[in-house]
Every structure is written in C-alpha cells, then in structure tokens.
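The structures come next, written out as structure tokens.
Paired with subunit B in one complex and with subunit C in the other, subunit A is shared by the two complexes that follow.
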Partner chain A sequence: MIKKLTAEELKALLGELRQKFLVIAPFRVKQGRLTKVLYQPVKSEDQLSSIYLKEQPDASPKEYFLPRDDRLGEETAGADCQPEEWSDYPRLFLGVRSCDIAGIELFDDVFTENDFVDPFYQQRRDNSLIIGYSCQEPADNSFCQEVGINPLENENVPLMLYDAGEGFYLKVQDQEVLKRFEMLDMIEELPEVESSELEEIVRENRKNFSENEFSLERGLPFPEKEAFTSVDWEEATASCLGCGVCTFYCPTCFCFKFFWEEIEKNRAWDSCMFSLFTAHASGHNPRETQDQRWRQRLLHKFSYHPTNYQGSPGCVGCGRCVSKCPVNLDIRRVLDRVEKTLAGEGVKGNES
Partner chain B sequence: MANSYKEITKELQEIAAEVFAEHEIKHLVGFGRGEFSGLTEPVFLKNPEEAERLIFQDDAAPMLSKYLLKYKPDLQAVVAKPCDSRALAYYISEGKISRDNLVIIGINGCPGIEGNTACQECDTRNPVIADYTVGEEMSQQELEAELEGVKYLLEDMTPAERKEHYSREFSRCTQCYACRDACPVCYCDHCYVESNQPEWLEEGSSADKDMIFHLMRTMHMPGRCVNCGACEMACPEGIEMRSMTTHLYHRAKELYNYRPGISPEQPTLFSDFDKEDSEPGFL
Partner chain C sequence: MKVDNYLPREAEITKVVQETGINLNIKTFHLSFTDGEEMMDFKPGQFLMLTVYGVGEAPFGLACAPTTDCQEIIISVKETGKVTSALHELQEGDSVGIRGPYGNSFPLEKTSGKDVVFISGGIGLAPLRSLIDYVLHPDHRQDFGRVQMLQAFRSPEDMLYDYEQQRWENTPDTTVKYTIDRPCEGWEHCVGFPHDLIEVELDCQTEDTVYYTCGPPIMIKAVTNELVNIGIDPEDIVTTLEMRMSCGLGKCGKCNIGHRYVCKDGPVYSYKELLEMPDEF
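Moving on, here comes the complex of A and B:
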C-alpha cells in the first residue's frame, strides 16, 4: 500500500501522531563551530516545520535505545530489577535511514537474543515505531552497499518515507504493527497511488549510488586467525590518536561499562579504543597498544560479529567514523589493506 | 604574507626528496590525501618515491608533533606548522625528545586552518625551530598588523559570564577525550582520567563530571598550551574548548611575558619562578 501526501499533509499526520507518540525526528542544531543534524524530540507543533530530512543525521538514534548514561536501578532491588523508572510512552522515530535501521537490527540480535534478553533495551525497542527514509544520495564517506545495505528501500520497518521533490510517498510495509500502535486508520485515510510512481522515483535516485571507489571483495566473515596475525595493523592505523569518537558515533558499537553511584547501578558507553577498556586489575593489559585496539574494532565488525550472527556484518557503512575522526583515519583504507594482505598471502575468502 | 597551500605543497614535495637523501630517517610524518575520503590525513612516508603524496591543505588540522613521541628515539622527519614547531621546542625544553632525533620541515607564513579560531589570534606564523623551511617568512611587522585589535576568545567577559559559557559548552561533552588525544602537550603516559586508584574522575557523564574533566585538563595547561586549537578542532561536539585554555595562555603572556615553546632552551613557566613575580591568580 503506497500513499502520497504533500508536505502539509505529512505535517498534519505527524501532528496527529503526536497525540499517541513522542515523535523524535532530525533537526539542524548549532553546536559551537558546528551545525549538526541530530534526532531530537518534537516538543511543540511549531517544530514540525523545522524537521530536516535532507542530510544523513550526524548521529544515529542509538542514544535513544542505549543511552549514554543508563540508570539500571538500585542494588537493593535485587538481581531481577526491572525497568520501570522511565516512561513506557510510545515513541515514533521519523526519517531513519537504512544504515541506522540496520544498526538497530544489530542491537536486536545482540540484546534480545534467546536466553540473554536485556529488559531495558527491549522495553525501549518495543515502545518504538520507526518510519524509515529513503536516501536520495550517498552520505559523505558512506559505503553501505558494500556491506549489503540498500539505502533506497528497507522492508524491515512498518513505514518507509520517500521524498518525491514535491511531497512524499509513504509505503506501508507492516499493517500489523500499525494496528498494534492504533494508527492504521490514520494512514488508510490518505490517498493511495500506484506502485509504479514510487518505483520511478527509486529508479531515478538509484543512479546517484552508482560507482563507489571502495569495494569489499571478500565475503564476511574475514578469517579471524589470518587477519589477526598477518596484517600490519600498526602501519595501517598509525595515525589513530586513541579517542573514542568513531565508536561513540558508530550506529552499531554498543559496548558499555557498569558503575555504581552509591547504591544505584548504572551503565554507560565504553569504547574498545580506550586503553582502560581491557585493563586488568592486576595492571596487565592484553591490548597494550592502539593498533591492537584498532584490530579489535575492525575484526569485531568484519570477523567476530559475522561469525556469530550468520554472516551479518557489524558495520553498516554509514561513514560517520571517517567523517568524525579528528585525523580522518579511514576504515575503508584499513579494510583495503586487510583484503590486500589476505589476498597476497593467498588466504581464500568466502564468496562475496 | 601568508603563503598559499599550493606553493607550500609544491615545496614540501621537493624538500621531502632532499630530506630522504640527506638523512637516515625512520619515516617522514606529514599530511596526505585520504585514498577514499579525499580528506587530509597524517601520513608516514618511508621512502623518497612517496614524496609526491605530501600535501598541505586548509583541513590539515592535526598536530603531527604528537606522533613523534610514539616513535622516539628513532630519527624522524616531520612537517611542522609553526604551532607544531612550538610543541616540538616545548618537548625538547622538557627533555621529552632529543633535538638530534628530529628533522624538522617548518612551514613559513602559515596560512592557517579552516575553522580553527586559534589561527585568528596566532602569534607565531613562522616555525621557531626548523632544519628546512618551505614558503616565505612572514615579517614581524606584518604579523603585528594582522593581530592589531584582535581579541582572544571571551577576553572581555567577566569570570561569572565565562563560567556560564563554560558550563553550557561542556554540557555537550561525551567524554570521548578526543581533545586530550589531539593536544600536543597532553602526552602523559598515564592520564588522570585513566587512573582508578585513586579515581580522580568518577565514572558517569553528569554535567558536574564533564566539568571536572575539563577543569582538570585545563589546570595542566598554563605555561604548556601552545594555543594551537587542536583540542577544539578534534571535538566532535563543537565544544569551544579553547575559550578556557586561551585565557591561560594570554594571562601567562601578559603577566610573565611567557609563551610556551618559543625556544628549546626556554625554562618552563613554573620552573622559572621569581619572587618578584606578580601573583594575581589566573581567573
């Protein structure tokens, strides 16, 4: 089912949805010398006109699912402490691109896996409805198609929004979810169009995603042992300063640490790029140097994660780690080095 | 006059070949163009054939001096912006690295870095130490004319206004520590933020803790910060990091006529204490 709506109609729909949801959408925000695009809650009707969908947001909506500082409850509540402190008010995320949708799916794999369900993550996830957004052109430094992501279409969200220049198309992909959130009626009221109209737009936009200079030749996962030992990691990552920017901005990096504030247990973002990440109480650190930490980050995404999750990459190719890096260290260059080294050593790959 | 990026790039490529011919260096640390990103990134050249990879652009923000500490005591060549040359002079004055292990290619008349507010108040446009230089030197007269009437960040604010500004800016901190990692004089092997016995900085990211991190980092900066702006350029949250350190820089300059890293022989600010020194406090 495909609906067509003008910008005004989209705004009216969002206005209506605000009665049911906390709507979270990308906005342009000034931060010191930077102007960024960030997901922020829509606080008033007026703000709906300022929603900015044209560019890839600077950060994925990660922090709304795994907050930077997550209060997990008081120790005295025992091991089965449940998330109850924060509201279960449903949230609607507008304009999430395929790379960031894939990031959330990766969290689903990790945090709601059979016997290891994280109730804090799950509650936030169950309360969230995502309206996807079809990219019109590639973001800077992105390589999503190389990791199997389709920037133009995504069937894993109930609704997908397409910018048609004048107005928008809304593709309904999962009516059950819309029923659950009691919003199917609202959508059904909108005028329906033939799918060929939308297909034409997607076909046009696809032309902008033709050739990428970078390509991943080798299928995933990378062979763990060979990549670990044969690549000159120091040479490939010599410029890394050891900050955590790449991991904090990564839509798939989820590592965290626990700490206590008096009797309250907390969890906060951590990063494999930090020396403390692997420091032992004894003083020994199994990853003593920065290149070893880089090796871990890259192989987690391209070897360990795909090994554990049916070949699914741990990187969504959004390019933020490159754009945000203070020294512009490019993961594509390091991947290229890994592939060339493995090819040079005659290590056979999986079929790409 | 400031030189153009294009001229500097051309001269750098020529001189790099000379440097390889005249010195047995481990590598030459400079700037190159990212193969896929097209962005300027630090490169470590191993042989003269790579000389043409060297570039200098308005986004060459990182301080290359910092990498030299990682590979010392090997003989290394480095492309040094004037601020980088000051960081190097400072390292030498503190005994962090030996002058004999450095081949410095200094950039004269540095045209500055796009978006770096430090460049607008820069008082060192030629390298303070160098073995080779590229570009025309900028005259003292010209430099003074450019600095005429330039105010440093928050110069005219009262301490109360400044505090409010700092609180607002630092509230965006995510504790990624990119500022510290990009800073040429933040070179401690063991930073206080990574100390857990004692735990100087408690875990967590409340506004108070963010402020503690920045205040403690700033406390280590008087008489050391060369006012290069690398901290601010590295910050992904656009925090106006320099608004605090530049104040210390200019106070040390006004009160003690002290600028860090002006010469390798210069004593450090705190080791150069004189009982006649005025002590109005830093705020």
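Moving on, here comes the complex of A and C:
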C-alpha cells in the first residue's frame, strides 16, 4: 500500500502520531559555529515544520537504543531485577536511512540472540517504531551499496518515506505493525497511488547513485588469520591518533564498559581504538599498538562479525568514520590495501 | 532465551585464606550466596564476575569443583588492580556480588577414561584446581586414569593450597611434583622452570592422555612448545586464557580474539584451537 501526501499532510500525520508516540526525528541543530543534523525528540507541535530530512544525520540513532551512558540499576538489586520503565510512550523514529536501519538490525543480532538477551536493549527496541527514509543522493564518503545495502528502498521497516520533491510517498510494508500501534485509521484518508508512480521516483533517484569509485571485491568474511597476519597494518594506519571518534559515530559499534556511581551500575560506550580497552591490571596488553587496534576495528567488521553472523557485514557503509576522522584516515583505503594483500597483489607504498 | 541484566547476586565472604607472603599477595576467598537460593550450577573451568560494591567488577576463574559436597564458591585472587586490591581489604562477613558462571569448561568428556597431566605456574593453579578437585574426588576418581601434577612456584613462600596438597598426594594413582625458580635452603623438590622439567619429571604418554596447563602467558607458551616437541598432539593440550572483560557474555568486545570471545567461546581452549586463532592474547 502506497499513500501520497503533501508536506502539510505529513505534518498533520506526525501531529497525530505525537499523541501516541514520542516522535524522534532529525533536526538542524547549532553546536557552536557548526550546524549539525541530529536526531532529537519532537517536543512541541511547531517543531514539526523544522524536521530536516534532506541530509544524512550527523550520527545514527544508536544512542537511543544503546545510550552513551545507561543506568542499569543498583548493583545490589539482584539478577532478577527488571529494567526500569524508561518511557511512558512508545517511540517513533522518523527518517531513518537504510544504513542506520542496518545498524539497528545488527544491534538486534547482537543484543537479542538466542543464548543471550540484553533486557535494556530489548525494552527500548520493542517500544520503537521506525519509519525509514529513501535517500535521494549518496551521503559524503558513503559506500553502502558495497556492503549490500540499498539506500533507496528497505523492506525491513514497516513504513518507508519517499521525498518526491512536491510532497511525499509513504509505503506501508507491514500492516500488522500498524495495527499493533493503532495507526491504520490515521492514514486511511490519504490517497493511495499505484506502485509504478513510486517506482518512477526511485528510478530517477537511483541515477544519483552512480558507480562508487571504491568497491569491495571480496566476499565476507575476510579470512581471519590471513588478513590478521599478512597485511601491513602499521603502514596502512600509521596516522591514527586513537581518538575513537570513528567508533562513536559508527552505527554498528556496540562495545561497552561498566562504570559505577556509588552503588549505581552504569554502562557507557567503549572503543577498541583506546589503548586501555584491552589492558590487563597486570600491565599486559594484547593490543599494545594503535595499528593493532585499527586491525581489530576493521577485521571485527569485515571478518569476525560476518563469521559469527552468516556473512552479514559489520559495516553499513554510511561513511561517517571517514568524514569524522581528524587525520583523514579512510577505511576504504585500508580496505583496498587489505583486499590487494589478500589477492596476492603487491602493495605499493602509501598511496595517498 | 537467557536474559542477563548484568547485575550480580549477593554473596558473603565466609572464609579468607592468606596463601602467599607479601611478595605475591594471593588470598583465597570462600563465598556463599546470601539470598538463600541454590548454589549456582557450574562446570570446571568456568569463571565468574565478582563485584566489589562501590569499586568495580572483574573476572575470576573458579577454583572449586562442582562435586556433590560443594557448598561454597572458591576463588584465588592476586592483588593486582583496583578491584583485586579492594577485595583483599575485605574480611569474613563482608558482602560481594557474583554474576555467572560464564564461559565454556574443561573438556570432561574428552578427558574421561584417560590419564591427566596438570602443569601449573603460580596462580595458574587456581583455575586448574576446579578440575583437579573434580578428577580426584572419590565420586569421579575411577572415571579417570593416572593423574600427574607439576606445580611451579617462584619460591616456597609462593606456594598455593599447601593445605590441600597432602590430600592430593594421597589420592590413589596420583603424583604431585613441585618446582621453584631458584634453589633454596631446605627445599627437597625440583628446581627450575616447568617446561625444562617436563621430560625428566613427568611420564608423558602421547596416547590417551590430556595435558592441562595454566600460568603466566610466557609459561603457557614455553610449556605447550615443549609438549609439542615431545610429540603431544596439540588437540590434547588444554589451557585457559585470561583477558580483560566487562560483560562475560560476548558483547562488550574486550576479550575478542578473531571471531571468538574468550568469555563465551573460551576461556578454555586446546592448543590446536589457539594455533588457529590470531596471536592476540
């Protein structure tokens, strides 16, 4: 089912949805001298007209599922203690692009596995509805198609929003979810259109996604031990400062640590790019140098994670780690070197 | 589906044993749950996450065996970092938190019916003790063949479990040998590093014998190399790894080696498995 709606109608729909959901959407936000696009909760009706879908948000919505600091409970509360109710409303995420949807799916794989469920993640996830958004043009440095992601369409969300210049299309992909969240009435009145009308728009937009200069030739996973030992990681990643910004912006990075405030046990993001991440109390450190940490980040995404999850990539190609890196250390360049080394091609010195 | 909220059960310290002198401050803690619920189910080789309230949490290998008369949890702790230092300050009656058990376990099925050799270095004896006590327990002794132990310590001062050694030595078909790094007055046992003593002091069969070793990383490497040199199949050499860990459930990322998480797929690995893994431990 595909519905056509004007910008005004979309706003009215979101207004109605606000009665049921905490709506979280991208906004242009001033941070010092920079303007960033960030996911933020819609706090009032007038904010609806400022929702900004045109650009890839600065960060994925991962912090709404795995918060940067997350209160787990009092450390004396016991193993049967349930997570605190953190929200009265279910949450609706508007305008989530395919790369970030894939990031959430990866979190689902990791945090709601058969042998382990993270109750904090599960509660947030179960209480969230995602409206996807079809990209009209590639984000800076993105290479999503190289990791098997379709930026224009995504069947893994119940609703998908398409910007048609003059108004929008809303594609309903899962009626059951709409019933569960009692949304069917809200969109009933909107005019339904033929799928060909939407297909035409997608076809037009697809032209903006020409062949990427970067391509991933090899299937995943990369062979673990060979990639680990045969690549000159030091040469490829020498400029890394170890700041960890790539992992914090990464929609798929989920590593964490615990910290305590008196008897409160909390969880915070951690990063394999930090020297202390693996350091033992004894002083021994399995990853002593920054290139070893870089190797961990890349191989976790392109070898270890795909090995554990049926070939599913641990990278969604959003390009944020490239855009955010203070020394322009581009994962595509390192991947290229890894692929060349694995293919047995001689790797020339620094190509940059 | 197993849900884990990362929060521990409360346990009380029922006994503290000072194992070694001040040079290698190791204490053994006996713990029992205070919630009146059952003792946790565990297997030899597994570990737990221990919380010192208000300080933090760290992983410790279980140093007790899940035998019928097992009433308490036992861990041996070397004072090293923040959590272990705080734990060493605690006394009988104090409370700590326990999560787990986590990880795989020593391969009991594979070991059943075979001879067993234990080679330990220092506090590496602690995780092996979970299997030693299991194998030597009257309920299980007949399920295993001959047992040989070679325990290495820095000095006589640094010996662990001297109160258990006599019992182990007296178990049928069991030999226990001790070695220290340097000769010392009054010491009547072996002297030298364990890998140098394997061939002379142990009767190493290549068939139907499983070799367990644990100790400092450099000692594990030397011992496994020596065992392979004398013809032992890497599949029959078993060790247990120590890594920094936060969650114990294969999520937080710290103990990741290749596609494996030491907390979940380990900590117990055969040397054959270690050879297949990236060298990052």
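Simple rule for what comes next: the second predicted complex is superposed on the first by the 342 of 352 C-alpha atoms of A that agree within 3 Å, B and C clash if a C-alpha of one lies under 4 Å from a C-alpha of the other, contacts with A are read in each partner's own complex, and residues count from 1 in each chain.
Everything that follows uses one rule, which is that a contact is a pair of C-beta atoms (placed from the backbone, for glycine too) under 8 Å apart; a residue touches a chain by one contact, two chains touch by 3 or more.
Computed from a prediction, not measured in an experiment: that's the story for all the values here.
> Looking at the combined model built on subunit A, do subunit B and subunit C fit side by side or clash?
With subunit A aligned, subunit B clears subunit C, so fit.
> Please indicate which partner A:V110 is in contact with in the superposed arrangement: first for subunit B, second for subunit C, both, or neither.
In the superposed model, A:V110 contacts subunit C only, not subunit B.
> Using the superposition on chain A described above, determine whether A:G32 touches subunit B (first), subunit C (second), both, or neither.
Touch status of A:G32: first partner only.
> One more residue to check, A:D330. First (subunit B), second (subunit C), both or neither?
A:D330 sits against subunit B, while subunit C stays out of touch.
> Where does A:K257 make contact in the superposed view: on subunit B (first), on subunit C (second), on both, or on neither?
both
> Residues of subunit A touched: more by subunit B or subunit C?
C
> With both complexes superposed on chain A, which partner does A:F228 reach: first (subunit B), second (subunit C), both or neither?
Second partner only.
> Under the stated touch criterion, which partner chain does A:A7 make contact with: subunit B (first), subunit C (second), both, or neither?
It touches nothing on subunit B or subunit C.
> Please work out whether A:L241 is in contact with subunit B alone, subunit C alone, both, or neither, and reply first, second, both or neither.
first
> Between subunit B (first) and subunit C (second), which does A:N266 come into contact with in this model arrangement: first, second, both, or neither?
In the superposed model, A:N266 contacts subunit B only, not subunit C.
> So in the superposed three-chain picture, is A:V322 touching just subunit B, just subunit C, both, or none of them (first/second/both/neither)?
first
> Tell me, in angstrom, the smallest C-alpha to C-alpha distance between subunit B and subunit C in the overlaid model?
Here the least C-alpha separation of subunit B and subunit C stands at 7 Å.
> Can you list the residues of subunit A that meet both subunit B and subunit C?
The overlap between the subunit B and subunit C interfaces on subunit A comprises residues 257, 279.
> Give the list of subunit C residues in touch with subunit A in this complex.
Subunit C residues touching subunit A: 1-10, 35, 51, 53-58, 80-84, 97, 99, 217, 242-244, 246-247, 249-259, 276-278, 280-281.
> Can you list the subunit A residues touching subunit B in their complex?
For subunit A paired with subunit B, touching residues are 31-34, 36, 68-69, 141, 213-214, 235, 238-239, 241-245, 248-249, 257, 259, 261, 266, 268-269, 271, 274-276, 279, 322, 324, 326-330, 332-333, 336.
> Under the stated contact criterion, what part of subunit B meets subunit A in this complex?
Result: residues 34-37, 39-44, 59, 61-62, 66-67, 115, 117, 169, 172, 174, 176-178, 180-182, 194, 196, 202-206, 232-240 of subunit B touch subunit A.
> Show me the residue ranges of subunit A that touch subunit C in the complex, using the header's touch definition.
72-79, 81-83, 110-111, 114-120, 122, 221, 224-225, 228-229, 254-258, 260, 262-263, 265, 267, 270, 272, 277-282, 284, 286-287, 292, 296, 299-300, 303-305, 307-308
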